Structures are given as structure tokens and as C-alpha cells.
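There are two complexes below, and they share subunit A, which is joined by subunit B in the first and by subunit C in the second.
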Partner chain A sequence: MSTTRAAPAPSSHRAAPERGRSGGDDRRLTWRNRLYRFDMRYMPYLMIAPFFLIFLAFGLFPLLFNGVVSLRNYRLDDPTLPYWAGVENFSKLLGDEDFWNALYNTFGIFLLSTVPQLLLALVVASLLNRKLRAQTWWRVGILLPYVTPIVASTMVFSVFFSRDFGMANWVLGLFGLGGGDTPIDWRADKPHAWIAIATMVNWKWIGYNALLYLAAMQSISKDVYEAAAIDGAGPWKQLWRITVPLIQPIIVFTVVLSTIGGLQLFTEPMLFDLNSQAATGGPNGEWQTIGQLIYKVGWKDLNLGYAAAMSWALFVITLIIAGLNTLLTNRLAGGRK
Partner chain B sequence: MGRAPQDTPAGLWTYLLLSVTFLLAAFPLYWMFVIATSDDQALAKLPPAVIPGNQFMVNINEVFSLQDVYFAASLVNSVIVSTVVTASVLFFCSLAGFAFAKLRFKGSRALMLVVVLTLTVPNQLGIVALYIVMSKLGWNGTLLAVIAPGLVTAFGVFYMRQFIVNTVPDELVESARMDGASTMRVYANIVLPAIRPAMAVLGLLTFVATWNDFQWPLITLSGTDFPTSMVAVSDLASGNYVIYRRVLAGAFVATVPLLVMLFIGGRQIVRGIMEGAVKS
Partner chain C sequence: MRRSWFHWARATAIGAVSLVMVAACSGNSGNSGSSDSAGGPVTLKINFWGDFGLQDLKTKYEADHPNVKIQLNSGEYNAQHEDLQKKLIAGSGAPDIAAIDEGFMVQFRGQSDKFVNLLDKGAGKYESKYLPWKWKQSLTPDGKTQIGLGTDVGGLAMCYRSDLFKAAGLPTERDQVSALWPTWDKFIEVGQQYTSKTNKKFIDSGTNLFNPILGQQPVGFYNEQDQLQMDGGPKVAFDYTVKAVQAGLSANLASFQADWDKGFTSGSFAVLACPAWMLGHIKDTAPGTQGKWDIAAVPGGGGNWGGSFLTIPKQGKHVDEAYKLLEWLVQPEQQIEIFKKVGNLPSQPALYADPAIADFKNPFFNNAPVGQIFPKMAQGLTPQYLGKKNGPTRVAVENVIIRVQNKTLKPDAAWAEAVKEADKASKS
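Then we have the complex of A and B:
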């Protein structure tokens, strides 16, 4: 009996007030009904509220508030400045050589890391897509870089790319490149520093992207390959003519992901520097990225307003590039069909 | 007769190339260990040292007894931050995922769309303002500033919703309701037991990401004596004369927990990444 009473009938809430006036048992029923109504109507909102509250407070609000701060004078060491700066921060940005240099570096490293990363991930994925012994172990193995902290791996690579006893120069020497007498100074100019940093990024993310591609590859119908093989397409041709066009959505996804990540590159260029706390990215900013410059301007030069203007500019650039990427990748991959 | 790649037994070349890939993926980690166990001379050798030395305890002791970097405390901080964030992400994301997957309420579709859209918002771009928010709250320099922004994630909500939609039958939820179970009861008795695998995946991914975070902890905890272990490792390398066997010993110690997780939960991590991919 008691279960039947507790079980709420859809119409009961209309009858409830009337019954509520008489007797203790009925009042409990009403109370339960109210609880039930609350549970049905408002509980879902309570359950999703934490996400929206946290996102508003620490995600969306800061992002937009950045726009306000970028129009202000906000120096941590000089609170006496006039409140509003107007567009001053932005006009300063346009003529700021450091900013354009950092933007140039960011794009250079971004291209050197994204393109090889995704191409190699495709190749690794197509290797993993065959019938393998100890399949799981191969997949787990390529995730070693993914779980390694960037802070730790950057320290290792930083030593690999040292001029005199670095592993990178030694290996190149084995192939007769860069030779023992004239070792490459990886921190001396843009191209070398960019390659070194891009190598760290590539190392970290190839395995992860390969797994994303592998997942998509496994959902391709087997008939397509059979047909292609009958037409005489070898594995390499199959990869480029069938697999790639068919996993296009995930390729677009990874391109957008690496764009967002690549434009914000911070840890690798910071710790590649022998004097990492300076955040200058080399003596002449050879590899200073925007992420690093924002950190330097905000927390070393204590000019948060100007740093906010840079963040805001980077936000807009990221949006534009991500949009362009989607368009371009769609067209390139879709054009084959 | 042609066969799909996934039905073609891998040949020698495939194994060879995969082995090379694996070696390249593992070598930096192995070499980190080599230097962490060596003396100062090991770095100045050509050809480079590739065999671990016997100085591991010496280097470790040095790292832990440094006066200006409280390494042990920073490890404890990392454990606290990652554990709290992981527990909270699991709880709040599974709750929200359940609501979006199985409960009917006004605006649920639109709100879910908002969740998906927020997946593409890079929090890092609001970092200056986030710092200002935290200083208004008085949280800068405390672990709260590191923990709070990570308490619940859009990815987690999305992931949980997908999993619950696919694995928890509507009938089960309905019948529990008929028996008078409240929403939280349904969550505890029906949803939770069913989503254990997804909890494991999300938990592992969240723990790894939180443990490895560097930029935000560096900004909000800089100047404090007790940062997270990632900031502490970078502090090891910040002096004028950097002792790399010490830096890499510290880096190695801070990496070991994640290697253990990969070793134990590798299968789940792989599945998590692959499933997250197909559905997004």
C-alpha cells in the first residue's frame, strides 16, 4: 500500500491541496508530492547548474572581461593610472615589434608542428589499423608521450638540443650532417629553434592523434577496401584515396584542435629557454610565442591591461584561423569525392 | 581477393615501423631516467650515455632536500589538486550527463548545445582576467585558484551524456521512478553502477591533464613556497647554473605517477580517447 501512495500519479498535484487539509497522513502525502514535483521539475537544473556556474565564473566571464581589461590601464605596480585607456593598448599593439615577432614565431612553430604531426599520425594510425599481435600494447605504447608532462619532456628535449653534447647534433653527425666541428646552435636562430620546439610538440601529440584517426578508420566499411583492392590500389594509394577522404570529419576536428593548441603554445618555448624565468624566448626573442609574450607582459612587466589586449587579439586570431581551417580542410578533403 | 586493412595480418614492415615509433616515443622518458641516475659527467659524453648510472638516490635526495624548492610539498599539492579535481569532475559531470541524457526539462536541448559550444572555448585566452577574478576572490597563491576552474568540464559533461544515453536503458529509469525512486536515487542506484567504465576513463584523462597543467599554476602560484610539482620542476631549472641530473630526477619523480596510471589503465585511456573521437 505504502508504495502505491508514494508513487506519484500524474494528476495528483491538482488534488493535493484539497486533501492536504485533513489528517496527518494526507499532509505527509502533500509534502511528498511537493518534494516529488520539485524533484521532477527543478532537480535537472540543479544537476546541470555546477557546470554552468563554473563555466560562467572561470571560463566565459574571464574571456569577455579580458575585453574590458584590455581597454583599461591595469598595472600591478602602478594603480594610480587613469582607469580607462581607451584603445591605447590596441594601438600600441599595432606598432609593437615584440608582438609581431611573437606572432610570426607562433605561426612558424605552429606550421612546423601541425603539418608533420597530423601526417605522421595518419601513417601511424594506418599501421595500427592492421591486424596486429598484442594490439593493445602498441596502442598504449604510443601514448607514452601523451601522459608525459610537457614540463618533463621539454627538459629532456632541451638537453637533446644543446649545442656541444646534445643528442640531436650527435645523431645528425652520424649522418654526416652538421658535423663535429661546427655543431648546430639550436638556440641561435629562428629556423633551428622553431624546429627544436616543433619536434617537442610533434613528439607529444602524434600518438594521441593517431588514436583519433584509428577510431575513425575502424568505422569505415570493409567493402570499400575490397572494391579498391580489386581495382589494384595498393596500401599507400588506399590510404590517400579512400581512408583520408572517408575520415575527413575527424581530420577537420584534429586540425581545429591543433590550431587552438598551437596558437597558445606556452610551456615548450618557456622551458626551452636556458633562462626560463625571463620569458623572452631567446636573447632576441627567436622563439618567443604569443602565449609567452602575454605571460611576460602581464606578470614580468606587470602590465595586465596590455597583456589582456594581446589575449583578446589572440582570441580573435584563433577564431579566424579555426574558421579558415575548417573551410579549407573541408574543401581539400571533400574535393576528392 | 582484396581485404580491408583491419583484416590484413600485419607484415614485417608494419612491426618494424611500429617498433621504431615506439622507441622514439619511449626514448626521451628512458633517457630522462638515465640522466636522473647519473653523475654530472654523463651529460658531457659523446657518444651520449644510454645506460642508467647508480646515483639515483643521491640525486633524489638532493632534489628533496633543496632549500628554495619544496619538492615534497609540491608533490603533495599535485596529489591534492588532481585528486580533488578528478573526484569533482566525476561527480558533477556524471550528474549533468545523467540530467541531459535521461531527464526531461525545458530548454535541455538548447543548454546541451551550449555545453558543446563551450568545448571550443580555450580558457587560456581569458587568463589575464581569470587572474584578476582570482585576486578579487583572494585566491591567488592558494590551491583553490588551481582547483576551482577545473571542478567540472564541458568535455566531461558531453562524454558522460553520450555514455549514459547509450548504456542506461530508459525502461530501467522509468521503472525505478514507478517504484517511487527520487532522481538522486535513480542516479545512485541505477546510473552510477552502469557508468563505471566511463568514470574510469574520464577519471584517468582528467587526472593526467590536471597533473600536467603548467601555465595557470605557474601564474597563480608563482612566488608562493608551495606550488604544484610541475612548477617545482621548472623552478629546479631556473637558476643560473642548472644541474640537469637534478632537474631530470625531479621531472622523473613527477612523471612516475602518470606512467603507473598508463600501465594500469592503458586500455581505458586508449578506449576513452578513441570513443571520444568517434562521437565528437
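Then we have the complex of A and C:
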């Protein structure tokens, strides 16, 4: 670039006709050159810039502002407090039994939902990967729960798991469990509430993850399976020894996604609550997740500073867990390579 | 050359960023205007929940005021309050008139600087017309700022299923039923008679026993200095509640949930504490039970549950026009119109003598004279101060009651737990 640019400078000392001709050629060349260079070098940045600009305005800025708020006394119902709180909000967090209870619940529901969800998705995907009649119908059908608005499905599940007239108890009653005179109160203790909420999460996301897995599985060559079949590997063994290692990147991706989603779980526990505007997650916080607790502290207790500190804590926890998960899945899925 | 291109790229980036920032900032610049010039067309937005009976009044007001258009925006109860709270913080977007319920009033009264002081607009002349406690609820503690004018009050009565009462061998005529339970102790005795005879539950939930009893006490959760007073009113209400739960009277149903709604038709419970606005809910939820429900007096005298206010957030652009509309809405003619339409009981006691209210009988409830029952309860009420943290504290204690009901907490440990949870809520 610098050489072509330097060229016109000495040309000004040349004779007029010569200069005009060569100078014009130069300029045309340079202009085309410039466009080309621009296209190659800067166009990609320009094309991806909108995302980053919007991310800066609506992603990074709120994140940083949230960090500032978490160091402040920001009570909507008490503007008289001193402006800065320092690390007070964070130190309060460490001794807050509600926070640890919510963290415990979040992890409990997270484990109950993520693990079966991804395993089932894997099985469903490998079934869909076979030759089936009405293949498209099955593949589209499996995605339907994902398309359903989360609020709508949660409301249905909330009724499904109700104590007196719920279908869950009716179905269990058919097998002689619960039902009758001693119906299971799904909202009375942690195990039942967690199972109910995990069921909602699983129902919604199994199909979505299965489709991701299916897409990855389609790229695996059929020869590998044929060879394995000749060597005597059954479908189960093929799934674990061939499919899983080969679609490992997408597994890591889904694990990270469900970790983030699972730790931010909000709508399901919120609407499962009979008194949902209180956001207590059950009479004794049986299923109050961190997301719900942040909402309660911010909008019910009107303590935005403390809620911001909780959000930051959740952010850090999510980062740590997602990192650990990635490491672990890499190990598990890639270890046999 | 490279340098100049770099300049160009940087300039573009800076330009784009500043564009975004300008766009982000300009959202704030519009809220400085206070009031439009009179005469121009003005749109007034009213946010409320459920049915405030405003539809016909809107048409009437618009006909009389050609320059005013009214936009009615009914949403979900909690969503509307939370939306208002967010708009108040954001500094823009609040409606011209916002309805606020009694349960949220203390929270918003604490932010009185964000509302138009109706006393400045001359609303003081209405003070004598209102039930004194209703007027006080939306007045700041120093008495200098009135942020809202009351619309309806709950009043309190006891709804009962006369068919179930008959099956249990209890009297069914409303005066006789009222005579059954002059006190809450008697009420629990009647409940025990009912459950032993029919093997069915008597009340819907312990929490719906706790709240009306607490509402009758001279002091609620907080005294006027906003200190938690658990040993007074709350203890009385809590003891009755636990007693009723232990006697096996409660169906343990959460209000406004599917099982509760089903309970109205399936006979899961036979009585329900009901304020005026509950009548509409029973009628809508269980239309098939027409004539089976009736209304008796609540044990222990007067009481109140719920009731709303209309406020004018300061950030609105048409504050003056909004006040004119608000003032019109609380006039007797409109208040009676609303009562006839949706049954909301006005908070101006002089209206209770009006034949339109006094002679009104509700056909769904076996022609119960609701125009007599509810005003009497609203007037018999002792004004109670609701503290700043009343809402969360109530939820915390209700949760303890629910845990007693679902047997995850022993009744004898319940009061200590209630005190602990209430204390936590008061400091939240």
C-alpha cells in the first residue's frame, strides 16, 4: 500500500503529458485497490459492529452499572441512606441464609433438570437419527414444547401439580402412590417441589437439545456405524462409543447453555408459587431460586443495591460452574479419543 | 494511506457509538414539560386492574369534554403496581392516573415526592366526605401530602353456603347464621360442629381467617412509629387461626388458585370471609351456585379487606386535566354508578344512605342486602395503621400459617417461627 501511495508524489516532477496519463492510471488502480482492501480488511468488522455496539449499550453497560449499584445503598423506600455502601452488600450476602437456601435450591433443581434433560435429549436424538416413518413430523413435534410460551406451559404444569385436583396426583394414584386421602402436596417440601419444577424445565428443553444433537449427528459418516455394527457393537454401545465422542463440541455447547439457563431459572419457580407475587418460592422458600430471590429483594423489598450484589454473585457463580462443566464434559466426552 | 483509512474507520466507529448514545439519551429528554396548553386535545391514560366500572363513565366524560380522550388500561393486579413502581424510578412512562390498592399504598406513600400532592389541587375539601381511615391511608404521616383519593373499600362479611349448612343441620337464614358466631371462638365451635357432622372442611384457608381478624384489631403488625408489634393484634389473630387449623377446619387452599376456585363449586369449604369485591369473584368463578351462597355478618364486628385509590404521578404531562377527571370520578353520582355496575363499595359514608346503595340486594347471594351489610362493616372499623413493611410481614406470617396447615411445622412451634419470620421481613 505504501509503495503505491508514494508513487504519485515523485510523478509531480515529471513532464505534464506523461504525468497525466500515468497519474490517471495510478488513481484508478489505487481506487480499485482501496475498495478491495477495504472489503477484505474492514468490511467484516463493519458487518459485525452492530452486534458489538448494541452489546456495549445494552449488555456491557448495564453489567458495569449493575456493579456500581451493588456497591451502593440503593433503597427505593429509603433515599436517606448514605450513597456508597462499599462491600457491605456483599458481606451481608455471606451471612444471608435466604441466599444460601436459594443457591442450594438452584443447584438442586439445576442437577435434577440438566442431567436427565441432556441424557434424554441424546437418546431422543439418536432415535430420530434412524430411518423413521413421518420423519419430519417427529422432528418438528419434538420441538413443539420449546415453541410453547414458557408462561403458558408453566401455568398448565402448575395446575397439573396441584394438590387436590391435579393430574399428577391422579396419575400417581392409578399406581397406588399418593392420591386418595393423602394426596402429595407438591408445594410442601423441597424434593417434591424440585421434581415438579425440573419436570417443567425438562419438558421444555429436551426437544430443543435433541434437535441440536441431531444436527450434529447427521454429519457423522454412516460408514463408522456400519463398521461398528460389523464389529458387533449394539445401538447403545454405538451411541456412547461413537456418537457422543464425535459430537462432543455440541455437547459442550449444550452443557454451557443449560448451565447458564439452569442457574438463572426464574419463570418456572415463580409461577409454581401459589402466591407468586410474593416471590418467596413456597411458604418456607422450598424452591426459591437465586433469580427469584433477586427479584424479591429488588422489587419486593425495594433494595436494589443488595439485589445488584446478588446478581453479581450469580454472575461469578455461573462463570465458575460453566467453566467446571466445560472441563468436565471435555474430559468425559473426549477422554476416549 | 493506512493511517488515513484507520482514521476513517475510527471516525465511523465513533459516529456509530455516539449515534447509539444519542438515541439512548433522547429517551429522557421529553419529560420536562409539565402541562400542555389548554384547549389542545389531551389523552389521559388510566391504569388499573380488574374492573373499576369505568367503561361507561369514560364515554360520558368524553362527551362532556370534547378535548379529552380517556385511555383505559386494565392489567393484572400485581403487574400494574410493579409497572408503576418501575416507571416512577425510570422517571417517565407512568399513566396520568394510576390506581393503587390498599396493600401497596404504604409503599407508594413513602415516595410521595413522585406524586402530585392533591392537597395543592384543593382536594382537602373532600376530607370530611371520606371514611377517616380511608383518607388517612393515602396521606403521608406528616399529614402534608395526599397522594390519592379513595375509590372503593372492601368492608367485610362472611359468605356461607346455605345448602351445606342445611346438610350439616345448621341454620340457614342469614340473621340466624350471624347470631351463631358473635365471636371468633363461637365461629370455631360452629366449624367443629360442621366438620364433625359432615367430615368436610369448614374454611378455605387459615390465612383467610388470620387477615380479617387482624384487620379488626386496633393495632396491626406495626405501630405508628413503624415498630413491629407482634404481641398485640397479630398474636390474637394468629392464635385463633392456629386453633382453627388444629381443629381441622381448614381446607388449606391458596386464594385465587385453581384448587380454591374449584372449591367454590365442589364444596371444599362452607364459609369464606368476603369483602364487597369478593362477591363478583364468587359469581364469576361458580356461576352454577346461584342461590346457594348467602352473606352473614363477620364475627367480632367491623373489618376491612382491600380497597383502592386513584393517584396522579407527577411525571404525567397533563396533571391538571388528570386532576379534573379524578375529581369528577369521586363525585357521588359516579361512585354510585360504579357500585351499581360492579359492586365496589364507595369510601364516602354519606353515600351509604343513598337508596341506590342502601336498597341494593344481590340476587346471586339469595338477595342478600349487600347495600346494608357492607357499609355497616366499613363504618364499624377501627382505623389501623399499616406500616411500611406491612406487605412483606403479612406474607411472612401467612407462610408460617401455611406451613402449619401442610404439617411441615408443629403448631406449638408456630408462634416463635412467626415472630422470627416477621422480624426478618421487617428488616428486609
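Everything below uses one rule, namely that the second predicted complex is superposed on the first by the 286 of 337 C-alpha atoms of A that agree within 3 Å, B and C clash if a C-alpha of one lies under 4 Å from a C-alpha of the other, contacts with A are read in each partner's own complex, and residues count from 1 in each chain.
Rule of thumb we're sticking to: contacts are C-beta pairs under 8 Å (C-beta built on N, C-alpha and C of every residue); 3 or more make two chains touch, one makes a residue touch a chain.
It should be emphasised that the depicted structure is a prediction, and the values quoted were computed from it without experimental measurement.
K.L.:
Pick one for A:165: touches subunit B only (first), subunit C only (second), both, or neither.
P.N.:
In the superposed model, A:165 contacts both subunit B and subunit C.
K.L.:
Applying the document's definition of touch, where does A:188 land relative to subunit B and subunit C: first, second, both, or neither?
P.N.:
second
K.L.:
Considering only touches as defined above, state whether A:57 meets subunit B (first), subunit C (second), both or neither.
P.N.:
both
K.L.:
Classify the contacts of A:277 with the two partner chains as first (subunit B alone), second (subunit C alone), both, or neither.
P.N.:
The answer is both, since A:277 touches subunit B and subunit C.
K.L.:
Should A:226 be classified as contacting the first partner (subunit B), the second (subunit C), both, or neither?
P.N.:
A:226: touches subunit B, not subunit C.
K.L.:
In this superposed model, does subunit C or subunit B come into contact with more residues of subunit A?
P.N.:
Greater contact footprint in residues on subunit A: B.
K.L.:
For A:314, using the defined touch cut-off, is the partner it touches subunit B, subunit C, both, or neither? Pick first, second, both or neither.
P.N.:
First partner only.
K.L.:
After superposition on the shared chain, which partner residues are touched by A:116: those of subunit B (first), subunit C (second), both, or neither?
P.N.:
The answer is neither, since A:116 touches no partner chain.
K.L.:
Could you tell me if A:245 is touching subunit B, subunit C, both of them or neither one (first, second, both, neither)?
P.N.:
Neither subunit B nor subunit C is touched by A:245.
K.L.:
Have a look at where A:267 lands relative to subunit B and subunit C in the superposition and call it first, second, both or neither.
P.N.:
A:267 sits against subunit B, while subunit C stays out of touch.
K.L.:
Same subunit A residues contacting subunit B and subunit C, which ones?
P.N.:
45, 54, 57, 158-159, 164-165, 274-277, 299
K.L.:
For a test of understanding, state which residues of subunit C touch subunit A in their complex under the given definition.
P.N.:
Result: residues 1-2, 5, 9, 12-13, 16-17, 20-21, 24, 77-78, 82, 85, 89, 107, 110-111, 253-255, 257-259, 262, 268, 388, 391-392, 395, 398-400, 402-403, 406-409, 428 of subunit C touch subunit A.
K.L.:
Along subunit A, where are the residues that touch subunit C in the complex?
P.N.:
Residue list for subunit A touching subunit C: 1-2, 4-5, 34, 37-38, 42, 45-46, 49, 53-54, 56-57, 76-77, 158-159, 162-165, 185, 187-189, 274-278, 280, 282-284, 297, 299-303.
K.L.:
Which part of subunit A faces subunit B closely enough to touch in the complex?
P.N.:
Residues 3, 6-8, 35-36, 39-41, 43-45, 47-48, 50-52, 54-55, 57-66, 68-69, 74, 124, 126-133, 136, 138-153, 155-160, 164-165, 167, 170, 203, 207-208, 211-212, 214-220, 222, 224-230, 235, 238, 243, 250, 253, 256, 260, 264, 266-267, 270-271, 274-277, 291, 294-295, 298-299, 304, 307-308, 311-312, 314-315, 318, 322.
K.L.:
Could you list, by residue number, the parts of subunit B that touch subunit A in their complex?
P.N.:
Answer in residue numbers: 1-10, 14-15, 17-18, 21-22, 24-26, 28-29, 31-32, 35, 43-48, 92-93, 95-96, 98-100, 103-105, 108, 111, 114-115, 118, 120-133, 148-149, 151-152, 154, 157, 178-180, 182-184, 208, 211-212, 214-215, 218-219, 222, 230, 233-234, 237-238, 240, 242, 244, 247-248, 251-252, 254-255, 258-259, 261-262, 266-267, 269-270, 273-275, 277-278, 280.
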